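Scrolling down, you'll hit the structures one after another.
Two complexes, one shared chain (chain A), two partners (chain B, chain C).
Up next is the complex of A and B:
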């Protein structure tokens, strides 16, 4: 079957929330509502004519008005594939700190979705509801923020290790003379870790920013503020 | 060597003892079994038969920092790994040497601008003796780095006072070769 046939079967089977097939892209895709995602994927997996056994990848894209999560499904039996997308609209003023989009998890249907969804949580901050193991996968667990968001502010250091290009090497720092107290982080820097419903770990602290100036690299040369973690 | 370290005059017999010690050290540089990323593949090639680092007495990677003289840092050092690299270096006994292998380790490499998680050069954490640039460096480049390190180790002053003048150092360079 080609994408058109799969889409017409899908639109006929799932009652609502399945958008039109966008064939303008090189890889035609269907946009479904987050609420219809699990029924749509369940249908594509179990229907005898679709039989999408494989979830190739789950990825996410941050756009100005939404975050979209992209699912590449393919069938080994029938040698066809389909791209599903689901979009979560950005609320007014939705920033890195204040807005965590939620999408239902498909980890119960595809084991491969488990780690892929954890990666999207780690890097883009998409929460997958009903995920069996909703933790970060690549970054340290105590990391604050989701680095691939457009308004992410880069940390100066982590765990005592300097991350700035112009940082003073650890062994050249003068331990005898106490350094001046750490300067307050630039506006927008304190990133509040959203509470994880599946974790009993205490939430990372943080102060809500006064405003966000949008400058991703507002790092003062030589500044080395150890706070924030 | 304790209290005698760098306390004797820089004269012939002392220099001879120093160069004997230096010869011993440089001929048995034991690196640590340690690999982080893609540079480690090139490093393994250097250990293996084609390039055969054992010709220079450095082909016995030790499985513990406490037995090693040299840590080759081959690959991107990110925030999570940096803590471990620092700890391993601290566990090595002196004299200890560091080779920074590859662009990431020499200064951030491709992650220098947008690497939110990358330490921009391992010299931000531990002092580096030899920088070997490249992405990744050819095995020959790493071998060249190790040969340069041998020169450095060979002219190390153990008992003699540190060289005071440039002419002094030139004499030591010539003696080390």
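Up next is the complex of A and C:
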């Protein structure tokens, strides 16, 4: 089947929230409401004619007025594919510090969505509700902000390490006459990161596991005082 | 899971084992880079595992939003650094799709040859390092000898040994020199002979089969569920190859080649040996493709004329988006590029095959021995440069 046939099957099955097929695009895509995403994907996966067994890719794209999450689905049995999109409108004045869009997770349907959605949360700050393991994946858990947002401001240091390109190398630093302090964050401080409810880090707002003593992940950010070794 | 029950701990017994947390990597030779896996082990049996990736994260997607379309090509080299040609190819095809141009015929055939040569080189690394993971050191040196020949061949048109930056949007960067195709064909003859040596050395070795057969079995449904692609998917019995099923280069339609799938020869379908054997047979299919392609490289330009003019000023594609996927040695490499009219894209997503293939690891490890865990990681053949990007 081509995209038109799949779209007409999908529009006939899911009652509401399935938009028209945009055939002018290079890869024709369908936009569905966030609320209809899970029923639509469930239908595409289970319907005998669609049989989208594979979720190839989950991508979040930040645009001027919205953040859209793009799902690339394909079927090995029928050798066809479909691009599915869902959009969350940007509220007035929504920046990466104040606005965390929420989209339902499809990790219960496709195991591959687990890591893809974690990566989009990590880099673009899209929260996938009902995700089984909603942690960062590429950046450290204590990282602040989501770097692929357009209004992200580069940090000046992380864990005591200077990140500015023109920062003074450690071995050239003079303790007596410290170099100029880094400029303040232009978009206002402090940068508030919403607590991660699924994190097992004790200071992340989640529930600490019973055996957090001696846990491999229990190193706190900023506690790098050089002790121990 | 039967093996686990044998080791189940009864706390009322005098003798019992204690659960231990074990940190595998990131500086561990069997993790093929900087992969860290947190393991919970009960004696030698892994009871839980959690992958920790990101040690090699270089913000490739963020860089892609800040450089022009052509400037991003060398960055794709550094993702899967064992298959740079294939990465260049996927990126070039994405930009070409966005612009609606097509490379000239000569460039397309050259692309097929260099991509298949690079596929062999990449599978040779998989073969050699997998032997080391299992405890056989010798095959590694054999594999590197032939890989050296391929790198010498690819150096002649591209000027580089590993990070080629050779396949550009609109064609290839340089034309191939006279006599290069003959040398490629001579390499094919030699390689076929060497390939038989590998099988004598490792493939049918009883110890090797004992270490890999029935280990890390990925059933078909699980493979599709986790979005596995490439040899890992085909070893589970799914005949899915983008070169055949979604042809992205015109010459692949004219070429005859088989798509090897796992058969469960020495154990269960989708075990480590099947994944290994699919890669070995794919090398010979690539040789078959190269042999057919070399005599058919037509004369003509190697770079699109209009495209070449556009190189003088930064490209500005029309607003739009394109998802293009290619069959890389490790599976489906996809680029999803969103343009809004500027000289650089506003989103430059990479769907890395190693990233998806690695995600199955946490499901495979529980219930296996630690040493088998090493065999499983090796059989997935990940490149951390691509996992972390």
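Structure notes:
Simple rule for what comes next: the second predicted complex is superposed on the first by the 184 of 229 C-alpha atoms of A that agree within 3 Å, B and C clash if a C-alpha of one lies under 4 Å from a C-alpha of the other, contacts with A are read in each partner's own complex, and residues count from 1 in each chain.
Operating definition for what follows: a contact is a pair of C-beta atoms (placed from the backbone, for glycine too) under 8 Å apart; a residue touches a chain by one contact, two chains touch by 3 or more.
Small disclaimer: the values here were computed from a predicted structure and weren't measured.
Of the two partner chains placed by the overlay, chain B and chain C both lie in contact with A:147.
By the touch criterion defined above, A:139 lies against chain B and chain C together after alignment on the C-alpha atoms of chain A. By the touch criterion stated above, A:51 is placed in contact with neither chain B nor chain C.
Contacts of A:78 after superposition on the shared chain: neither chain B nor chain C is touched. In the overlay built on the shared chain, the residue A:9 is in contact with neither chain B nor chain C. With both structures placed on the common chain, the touch criterion links A:90 to neither chain B nor chain C.
Counting the residues of chain A that each partner touches, chain B and chain C differ, and the larger count belongs to C. Of the two partner chains placed by superposition, only chain C is touched by A:112; chain B is not.
When the shared chain is aligned, chain B comes close enough to touch A:162, but chain C does not. Residues 139-140, 147 of chain A contact both chain B in one complex and chain C in the other.
Within the complex formed with chain A, the residues of chain C that make contact are 21, 23, 38, 53-54, 57, 59, 61-62, 65, 97-98, 222, 224-227, 238, 240, 245-246, 320-323, 325, 332, 334, 336, 338, 340, 346-347, 349, 351, 355-356, 359-360, 363, 388-389.
Interface residues of chain A facing chain C in the complex, by the touch rule stated above, are 25-27, 53-57, 59, 61-63, 70, 72, 76, 79, 81, 83, 110-112, 114-116, 119, 123, 137-140, 147-148, 150, 214-217.
In the complex of the two chains, the chain B residues touching chain A come out as 79-80, 82-83, 86, 107-108, 112, 115-120, 123-127. Of all the residues in chain A, the ones that touch chain B in their complex are 139-140, 147, 152, 154-155, 158-165, 167, 169-171.
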